[in-house]
Amino acid sequence: MKVRVEENRRLSADFQRMRVEWPGALPEPLPGQFVMVRTRSSTDPLWRRPFGVHDFSRRGGSASAALLYQVVGPTTRDLAATAAGESIDLLGPFGSGFDLRGKEHWLVAGGRGVAPLFFLARRLIEGVRSLRAMIGGCTESHVMQVEELREIGCPTEVATEDGSLGRRGMVTDLLAGGLEGISDERRKDIVVSACGPEGMLRRVSGLASAYAVAARLSLDTLMACGQGYCQGCTVKTRSGYSLCCREGPVFDAEVLSW
Amino acid sequence: MVVPADLTARLGPLTLPNPVMLASGTCAYGLEMEPYGDLDGIGAIVVKGLSLERSEGNPPPRIVETPSGMLNSIGLENIGVEAFLRDKLPLLREKGARVIVNIYGQTLDEYRRLAEILGGAEGICALEVNISCPNVKKGGLLFGQDGRETRRVVEAVREKTARPLLVKLTPNVTDVGEIARAAVDGGADALTLINTLQGMAVDVESRRPALANVLGGLSGPAIRPVAVRCLWQARRAVPVPLIGVGGIHGARDALEFIIAGASAVQLGTVNFIYPGRWREVVEGIEGYLQRHGMTSLSQLVGSLEI
Amino acid sequence: MVVPADLTARLGPLTLPNPVMLASGTCAYGLEMEPYGDLDGIGAIVVKGLSLERSEGNPPPRIVETPSGMLNSIGLENIGVEAFLRDKLPLLREKGARVIVNIYGQTLDEYRRLAEILGGAEGICALEVNISCPNVKKGGLLFGQDGRETRRVVEAVREKTARPLLVKLTPNVTDVGEIARAAVDGGADALTLINTLQGMAVDVESRRPALANVLGGLSGPAIRPVAVRCLWQARRAVPVPLIGVGGIHGARDALEFIIAGASAVQLGTVNFIYPGRWREVVEGIEGYLQRHGMTSLSQLVGSLEI
Amino acid sequence: MKVRVEENRRLSADFQRMRVEWPGALPEPLPGQFVMVRTRSSTDPLWRRPFGVHDFSRRGGSASAALLYQVVGPTTRDLAATAAGESIDLLGPFGSGFDLRGKEHWLVAGGRGVAPLFFLARRLIEGVRSLRAMIGGCTESHVMQVEELREIGCPTEVATEDGSLGRRGMVTDLLAGGLEGISDERRKDIVVSACGPEGMLRRVSGLASAYAVAARLSLDTLMACGQGYCQGCTVKTRSGYSLCCREGPVFDAEVLSW
């Protein structure tokens, strides 16, 4: 489905944010869901690419969604070169969302992983949940949307591996510090929602199980279809294989068999 | 005034209102395609390959993108024939879908039992026998890579069912014509060509195979020239109707197969990218017939001038 | 400090300073590539397949573009072995090019005579036997589609020359390993995999084959997964060095073959699009070795972890 | 080789003209030669595409070439979307040129066939040759560079199939009329140089042989390499096969075996 680009803004050397119209024919997206995007009609690259919904808003009768993307290959390069008024080809929204229930939410993002978590933060604030965010990246230019998170009222800490912004270190160090400093009682009320590179998610998972907090991880697998047709995006869970695009991309850390 | 063209696809004992099917393994059990158009508009839906028992399939990673194609090693994951009949088929029938069931076994006996079970079920318009499966008795070789084994599988299924029987051939052979003849000798009503080409990719950073299974099946536009060639070779080898599949991305591609001799076509990998594409292909074929002054699909089938 | 890596490619009796060759039929007689870099920087140049007599090749159209690939039916047009030795080889030697001569015949005797003639010529570092040619005695089948015929061709050439002997295999077979074994049994020092995949395309507007010859050979990135698979299958079947070819577009692609077991690679279709690409591939392989702390190419060859 | 685009101008609904820098490393092109262009790094489309050199000029130490192209597929669509300051990937110049010798030159173009003929006209005028041009197309928007030809001093007649510009009919009608109206003696001095669709070139060839004038035709074949590597662009001549990219694209009408 062709959707019109309303805005496309460069945020740093390799990150951009795009706002697109959200046609009435599409269901309203939930935080954690994603869309499948295609920028060319040629057959290389062949597949659509998944992008988490970064934000969503309605104004009057019309709606728009935002995507936050890191420019890494042909599709994201094409996206970066798309001007407002042009269109992109998008299907969705697909997949399961993050968990909006729970007393206290900790959002943990690595690099472009902040994309779906910003939308989650917005919905959690609308639902008047208690929340905080921890955003990490290798360097300053990979840490996105910190001000925007604070603006919508989400307390946000930052870590970079090179120390160029916030605390020097991994975002999971922030998480470890946070979990360490609180009581067992309070930990029961916490839901960690995380998105980022696999190594980071594994550490989040490890911390969550060590401190006995719930964790929901948004996984990144290769996806040919994004909607359950190809059975290619399999994730190993304790009860067998699951499709990342349909049962995920958000999984309980507990069910994953890593 | 434009005269509507007759798009009826004639596949021996099987007749379909139009020649555009969805290929096995690329539309799950068909129901998943409903958001992109009413299922009864599709020529036929070939559901994911079914085995006797539910099968988990191969470990991940199972797919990788290649130039204008993809490799998959899904490993024929499926819910099993009984669950299909119980949970999926009734819904498909309700929607008016024409259902073709793709089956695979690891022994002749498994093929026989599948044919028996499905032979009794209502609301299935044909069986498609997938012979691109490892022949347990013959090591790495597939049933479909050997003429005699091919014939034996098809005979085994044929004995157990009177339903229209399609046999789906692998391109990974020296002589497609030979396998086509064996399938027809075994009792096939029509042949489907082609299944995926065997391929492999390496992740150079980790120095591991890109697929956990090492080998996978190549599909998508990259293989279309090979698929058209196989179809044409089969056409010269056997007199039965043929179904073309491999890399069809749009109506123009479907027409290549039809002109080369296909009575119908299947869309596979394209469903992942443009799930509603089948409708445009149907319309594109109709438009072509009208533009070229033809009133029925049969005038176009095999019209290639050498 | 970055240590320069040893890029020497070892192919049995043949040693090359780097593993990047140009594939037969994609760089004419080599001289035509000079505008894009000194010829002595190329691992080796495999010249256009030569026959005893000059050959005109097939009528046009001979090529057609396909998704990430192309079909060709050049029909092995060439100037003939004598004209090559007289008009091209001296110039190639002058430029310091390492020349491998690709040969094809239509009978065993033609192969023998080619080997004799070339066996005596100075300045040829190896012969590459193309067995993807129609076997005149066996109708449509190619020599390279049959194990026994493959062995006979290789033996015939081997008898007549002591030069390093490469044998180039076709992927259009059921079992690449079997043909690889036959070629090695016949006396091949190394194997080149793969020649083109057989394919076909239809011009839907004229309803004629896109190639005058109807069938053609598919090359380019589209076939890379098939080529890597064939290379890997050959590696498991035979102990001789292998040369990987098929769809290499850049260094990353060359590394796929090397990791899967290729001691050298050939660039084909990419020469049409980026004629100087061989240099970037050499540099890319060297950079990879350095980045991964390897000091020589041989550490990388066949390093795939299954 | 990456070359910088200096200007890219839309001329009509589906024609554009692009000026690119011409690096000193490339030989100076001759009229009738072409370049091989690529606009993407993905592998579909795979081949470069040939474009005749439409114009060439030097200013000071630098040189630039013009391309005139009709937007018909992916490469020409990409070209049309390329802005001044961006680059395209170009190899060349390749092929043989038109014949600059001869007393009187008649240039006959169909549609985008005007591209190389404009450059030919410029060189002929510089060489003070007598010349005239006949430009045809199916409709007005396919008839390009008529004013520019007249500006550089080339008398130019026009025909369109729908009569929307110039005479109604084929450009070969203009040629036939011209050849009909002159003496056998003068015909000996004429060289017809033509570029356009195959049907038109066949008619030019027929007229040339009927009126015994010399004709040089620029052919359009599929080309994978454009420089003699693939042997794919074969043209049948009376003495066997020729490569369009190397012995052509310009051939004597006489030698072609049509």
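All chains are identified by letter, namely A, B, C and D, in their written order; residue positions are counted from 1 within each chain.
Everything that follows uses one rule, which is that a residue touches a chain if its C-beta (ideal position, glycine included) is under 8 Å from a C-beta of that chain, and two chains touch if they have at least 3 such contacts.
Quick caveat: nothing in here was measured; it's all calculated off a predicted structure.
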Chains contacting each of subunit A and subunit B, listed by label: C, D
Partner chains that subunit C and subunit D have in common: A, B
Centre distance in Å when subunit B and subunit D are each reduced to the mean of their C-alpha atoms: 47
Inter-chain centre distance, subunit B versus subunit C - centres from mean C-alpha coordinates, in Å: 34
Where subunit A and subunit D are represented by their mean Cα positions, the distance between them in whole Å: 53
Multi-partner residues of subunit A (at least 2 other chains): 43-45
Shared interface positions of subunit C, touching two or more other chains: 66-69, 220-222, 249
Topology of the chain contact graph, where touching chains are joined (line, ring, star, complete, other): complete
Of all residues in subunit D, those that touch subunit B in their complex: 43-44
Subunit B residues within the subunit D interface of the complex: 67-68, 221
Residue numbers on subunit A that touch subunit D, as the complex places them: 40-45, 74
Complex interface listing, subunit A residues touching subunit B: 38, 43-48, 91, 221-222, 224-225, 227-236, 240-241
Subunit C residues touching subunit D - in the complex, by the definition given at the top: 25-28, 32-33, 48, 56-57, 59-70, 72, 74, 77, 220-222, 249, 269, 271-273, 275
